[in-house]
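After this come two complexes, each holding subunit A, first together with subunit B and then together with subunit C.
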Partner chain A sequence: MAAPELSHPLPSTRKRLTPAHRWWWKFQRISGVVLVVLLFAHLFYNLVLGDGVNQIDFAFVAGKWAAPLWKWWAFALLVLAMLHGMNGMSYLVGDYARSQRTRRFLNALLGAATAVIVVLGTLVIFTFDPCPQGADASLLPSFCAEVGK
Partner chain B sequence: MTAVEEVPTELGGVAVMQVTLRIKRMNPEGTGDHAPGEDYWEEFHLEAHATDRVLDALHKIKWEQDGTLAFRRSCAHGVCGSDAMRINARNRLACKTLLKDLNPAKPILVEPIVGLPVEKDLIVDMEPFFASYRKIMPFLMPAGPAPERERLQTPAQRERFDDTTKCILCAACTTACPVFWTDGQYFGPQAIVGAHRFIFDSRDEGQWDRLEILNDTAGVWKCRTAFNCTEACPRGIEVTKAISEIKHALNTGEI
Partner chain C sequence: MPSTPTLYRGHEGMWMWIVHRATGVAIFFFLLVHVLDTSLVRLSPEAYNQVIDSYKTPLYGLLEAGLVAAIILHAFNGLRIIAVDRWTWALRHQKLLVWVVWGIFVVLMAGFLPRQLTNVFGGE
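For the complex of A and B:
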């Protein structure tokens, strides 16, 4: 049996320490911790405070999103959860998709799905109208009457 | 010790027990009953002593029952790293595993290590494993001209990488790694242990070349800290800790 070939100790073309894998690895851990805080505060506010699960209707969500804090809270939840989930799924693709082509295709699909959901979700959060015209006033948050619609 | 006490023995004698080994076999040329390349389980019954290891049982089978049984072994004392195999669903060295510690009342399962192509019976092709090891450049890369005497280091500097010098390249860790099983690209824990041994050696100057390789697609970021490697290592190397130290060095830029 021939001796295995050894490559030259120093690579001829020096690559920079590409940060992509490292960055995603860090992101996955940091976003995981942040998501736990965001999610449990969200669940506590919706399900434990006030009347609990019975309070959730259009008026409750509309009233909540009248405050910028909760808008940004929902936005952070959306973006972090989608990116965290996308990266986790792409780890699975890396593990189980054998060929380079399948891997590229699945990752592209994953990226596209994430982008669509993040864009749609962001639109919903920031263009949300709490007092749609012509709606039954009893279903709307209380401040709609004061706005005078 | 309990197994010795349960079985009546002569004074100073060694307990004798009946064991069954169920071995996963494969013959690339096929046998009378099995197609070429087909996996099948075969049972062997034998008499063994309480002091016998799995390797002794395999020897007994090969020498007295079935000469076609193929397995690797060399030193038979846990140093050469040739006889790593999956015994009762855990990667171990056959020469360091006593039969009496495996519950001999039940058949003992012996399989080749997982994730490398099987050549015959318990022998796998180790080349993909060694190829990963070669990629991390497992040799000293000193800076400057060779000194006239040995390169000195303090006991503390030696202690820094002592754990990873124990590696015997048996592949028990790499073939216990779930990422290695599914992802053909991942270097596997052993190559990272091999790199750790040089990266944290004060005499070596090639650390950033190695870290660059381990920072790449097939490197340390694939590790999910499953701890299978640490559990599998027959030398007791803290493999997952070594991998984490390399992640830390890459994250902080400090060695």
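For the complex of A and C:
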């Protein structure tokens, strides 16, 4: 099953791809492999162990993020998944957007959305307060009582 | 027999290519929403719990199962793409590997679905 001859072959990718393209191509694969591990652990812990999706509430998140490991886990997921998604979406933009202007606009939009989400998520993870002042104690993780907030 | 046989056109790999794109886009948009809903933990326990409670309803429970399905397909097909790019053996057997991806998908979903569906339909 030989592929048909192309009458006008595209120029070799060696010339068309910039170093940035190559970097992102590699990043997409490396981050993909890392994300498989990070994300399946995330899903297994939150949706399969314990009471599954029913266990998720403020106290559950606070309990998880009391451990630095889970904070950094969330941060790594946030950054890698957003960049992987942004780059993947920009492959689609490159494939489907007709004009240079549309491509530039959509890629700028992707970059801006990614920046906003990564900054917001990072702030939330690292400024998170598991025992906010004046909150209903029944909604907080049990360790808030011991700390004597 | 298609008139212009190529590696992909009309075969397993092409369909998986479409699945990869569609699931990738879906996961991307979910991720945006997911970061926003999780950010509510910074606002107040009540606000977060209220929004997360909707994820425990049957409708969202099904959408969530769909999300997990999309992630499994995208993840294992992604590994297949890497393998096909990297090893001649995998390139030769790329079609078989598509079926391996579907096989892993069926096994993992068979494990996950009962867990998820009893959680969201089980009532409380």
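Quick notes on this structure:
Here, the second predicted complex is superposed on the first by the 131 of 149 C-alpha atoms of A that agree within 3 Å, B and C clash if a C-alpha of one lies under 4 Å from a C-alpha of the other, contacts with A are read in each partner's own complex, and residues count from 1 in each chain.
Operating definition for what follows: a contact is a pair of C-beta atoms (placed from the backbone, for glycine too) under 8 Å apart; a residue touches a chain by one contact, two chains touch by 3 or more.
Just so we're clear, the structure is a prediction, and the values are computed from it rather than from any experiment.
In the superposition on chain A, contact of A:17 is made with subunit B only, not with subunit C.
Look at A:66: by the touch rule set out above, it reaches neither subunit B nor subunit C. Within the superposed three-chain model, A:96 lies in touch with subunit B and out of touch with subunit C [touch as defined at top]. In the superposition on chain A, A:33 makes contact with subunit C only, while subunit B stays out of contact range.
Touched residues of subunit A, counted separately for subunit B and subunit C, are more numerous for C.
In the three-chain superposition model, subunit A touches both subunit B and subunit C at residues 4. Listing the residues of subunit A that touch subunit B in their complex gives 4, 6-7, 9-11, 14-15, 17-18, 21-22, 24-26, 91, 94-96, 98.
Those residues of subunit B that touch subunit A in the complex are listed here as 130-131, 134-135, 137, 139, 141, 179, 182-185, 206, 208-209, 211-212, 215-217, 219, 221-222, 224, 247, 250-251. Residues of subunit C touching subunit A in their complex: 4-7, 21, 24-25, 27-28, 31-32, 35-36, 38-39, 41-42, 44-46, 48-49, 52-53, 55-56, 61, 64, 68, 71, 75, 78-79, 82, 85, 112, 115-116, 119-120, 124. Per the touch definition, subunit A reaches subunit C in the complex via residues 1-4, 29, 32-33, 35-36, 39-40, 43, 47-48, 51-54, 56-59, 61-62, 78, 81-82, 85-86, 88-89, 92, 113, 117, 120-121, 123-124, 127-129, 132, 135-136, 139-140.
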